[in-house]
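Below: a set of structures, written as structure tokens.
Each of the two complexes below includes chain A, the first together with chain B, the second together with chain C.
Entry: the complex of A and B
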């Protein structure tokens, strides 16, 4: 989780990702951020996020995103 | 049959009556029949195209899902005997089978779209190149009619197929229900491009007559007619005069034409979508919103999140994301990071993906270089904004550029930017567009704005008054929506005489001030042939 928070903070240092739960709904992360994020996550966690995983529920919070990474890691 | 014709109103009256009289379980079948009648009246020759798309996508989606189900069953049955590698290899083989169905169906349907929409554009370019090299040989043009709404229903069907392939929706087993999803008539003309997962929730349901929903639907339709017939079709005369003779109407006239066109496009497209959503609502069906107060956007990026939402999200979900996170693009990211450093290397692949999307968006809008340049113009502005973002931030911090006045400035700036980009949509060629745009900067004819010359654009003083009132009303409604939800609910809370006055006033406005009369050709919706 620490690594993920670091990646997220690099993208938007002004956002408190530990508490924010509407990253997509509130437009904090846009499509360019998401692509950036996926690229970083793929490298850091060695998981493959596909287009079907890009839904608001998976990207609305750091917690949800971390859960997705864990699920993909187990596959 | 246009939404703005008496035939359509008669068609709707009969349909609504039948819709609430037939047994509830037959409502969707009635809608399918009505949709095909609507499409048949628009052009009997078009039917073959929509039928081919419906059948091929239906069949491919069923095959893809059946393959996925078989895979699941096989893996479950052989769970104990297969090694991890064998399972992986089996999954890969089956995935390739599904991919073949997906790609084959996409190629077929996009091929049809390309043939009817872009073949002649391609031929005219080839002929241009042949002429440039001194060849007398010229290719002949095709004489294929462009089926109504082909881009919309093709994209809607393709979106569904990709969703089935991704496993995010289940394939529709009933071909007739799927045919209704593709051909649902209110959105055939100009969208929105609905997702199966959203539209199917209410499209196939049984709907009991609900007076409030029905009334809200009619009110939305009426508001759409007001925007389309009172504002868009009235201002059209001015737009046509200015852009139709670029040589005569230069300088200040271009500014006027640019503003007129942006008002026309907004009133026409959002009005059409109001009618679509309203018609669906009278039948208890929810069609997704396609606009969210686009001219309150403070940047072009925000504008594209609020304008033609269904198209933008389609391009994002089915082109931008798959291209951006594809394996070749990931490799390109790694390469560019190594070659150009972390910062540039991270952004470069995104710019390539965005370029692809905006090129596709331009091409989707029409077979002409104007649209391609328009798409790439949007891309260039968006990417420049991304690059300049840190500079803006520093500027904001340094000068404290925040607050309501600055917000209004940002909205005005975005509006003007959109107006400028829209110029590509107006003029006959790119050269003419740039010529017209440039003429504004050295203009010496600003007095035409107040010396009565604007009355020579095919618009009388009465037209200007009506347009002024119409635009003001659209602005007031937008502000009310921005400040607190549904305007219809707000009106619904008023005393009866006031409610009556508002809705009948709007009805009379459409009836008396709608652009009718000799020479009025009930103009097509701008997005009709997209």
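Entry: the complex of A and C
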């Protein structure tokens, strides 16, 4: 989780990712952020996120994103 | 001869009054409604005595906003779109430049609009003025008196001095563009557009006006969908969207994550893209997914009204190769000029300059910067003839196709947006506690990288920039330095900065 929060705050230093729960719905993360985020995550965690995973439920909060990474890691 | 853009609307409303013209998925307007409401807005302007003036349209992206644009033109004025995505500092600069007597708002923007400082400027709500009694006589008179070199809109583009430049286009340049573009991309009455670009740039001309010309339909796709590729493609399918003119990054968002293995666009037959290099690997994924579709690369600066050149992809490209920008649309010419103002030799690089009817009128209320970029054609000394110097360097390849090479200055294309790094630097420099600043662009990772020297933390600086710069201009990496590197003659050493950046990995 630490590493993920670091990646996120690197992207948007002004956002408090520990509390934000509508990153996609509120447009805090735009499509470029998503692209950058996915490439950083795949490097850091060695998982591959594909289109079917890129849904608001998985990206709306750091917590949701982290559980996606864990699920993908177990596969 | 057509000399007024609203002729498209006047004709189509008779042929297809009840067809859907514009929709954002929740709100929809037919041609009859677009016609009626725009004439109400025009009548309102007339009643207020607002004529031949810039009218600011500050609305949520919606079919109503599109109708407001046409309403402003119906009143003999020209629209200046601004958007809630723009930071307030930038909006104030735009308002200062245009000195508009009226800001047209909706419920979502009215409060914000009231907070700006503009002398003798009123605020009106779309929903109220769209009910104005239509004054046919006055509108017909305004229509008859229009000249095709009268402006119809001003859109603002990044300026290196920190002050955005307002590019003013007229009926004639827009009509010329719409006619040529429609021919090249073969739009027709069955075209269903999926619009991606914001309405406050000229990019949206591609959908808004051909929709009127042919009685086609445009869906304004909600912005959030561009972050969720599967849902985006499902949206295209649901609305039977068959034509898209998108920035490259919106297309690669879909192809890069295996979306096509889950869902494919079923109706899409025309894909135009532009302003950015399309990575060939991603482009191939698109072609494999849509082998029957026509793919066209478009190129053109706002100053030339929309797009200027096109290249219909008709062969394979190797990875790392750039798709050409091809050749100009009919009725305009590209001059490739050397520094001495001479035509470039075959294969030689030169500045891309545009000649023809599609040139815009110049920068609004800005004769100095207009004179720098809109100049007398150096190859013609016989009579006045203006060309626009794009600042883009190009050359012709062996097949005789124009290829984009680089920029002359610090202008970049980032996520489809045209940005002067100088504008970013000027705005950073204005933040209290920043002493020195320099921007570089990492084209490979698509990142604006900012270096600065100052007391502020990186986080504080980002926060301060949000009120000054549009979101797409906020640097993606902000790095504080103890000292700025300088070259021997005292300029900030951008080469060293690039090296520092690359070493960080």
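Basically, the second predicted complex is superposed on the first by the 75 of 75 C-alpha atoms of A that agree within 3 Å, B and C clash if a C-alpha of one lies under 4 Å from a C-alpha of the other, contacts with A are read in each partner's own complex, and residues count from 1 in each chain.
One rule holds for everything that comes next: contacts are C-beta pairs under 8 Å (C-beta built on N, C-alpha and C of every residue); 3 or more make two chains touch, one makes a residue touch a chain.
Just so we're clear, the structure is a prediction, and the values are computed from it rather than from any experiment.
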item: Partner chain in contact with A:50 - chain B first, chain C second, else both or neither; value: both
item: Which of chain B and chain C A:17 touches, first, second, both or neither; value: neither
item: Partner chain(s) touched by A:59 [first = chain B, second = chain C, both, neither]; value: second
item: Broader residue contact with chain A after superposition on the shared chain, chain B or chain C; value: C
item: Partner chain(s) touched by A:42 [first = chain B, second = chain C, both, neither]; value: first
item: Touching partner for A:29 - first (chain B), second (chain C), both, neither; value: second
item: Chain A residues contacted in one complex by chain B, in the other by chain C; value: 27, 30-32, 34-36, 38, 49-52, 54-55
item: Chain C-facing residues of chain A, complex; value: 10-14, 24-25, 27, 29-36, 38, 49-52, 54-56, 59
item: Touch list for chain C against partner chain A, complex; value: 223-224, 226-231, 249-250, 252-254, 256-259, 261-262, 415, 445-447, 458-459, 462-463, 466, 471, 476-478
item: Sites on chain A touched by chain B in the complex; value: 27, 30-32, 34-36, 38-39, 42, 49-52, 54-55
item: For the chain B and chain A complex, residues of the former touching the latter; value: 166-168, 301, 305, 316-318, 320-322, 324-325, 330, 333, 346, 349-350, 353-354, 386
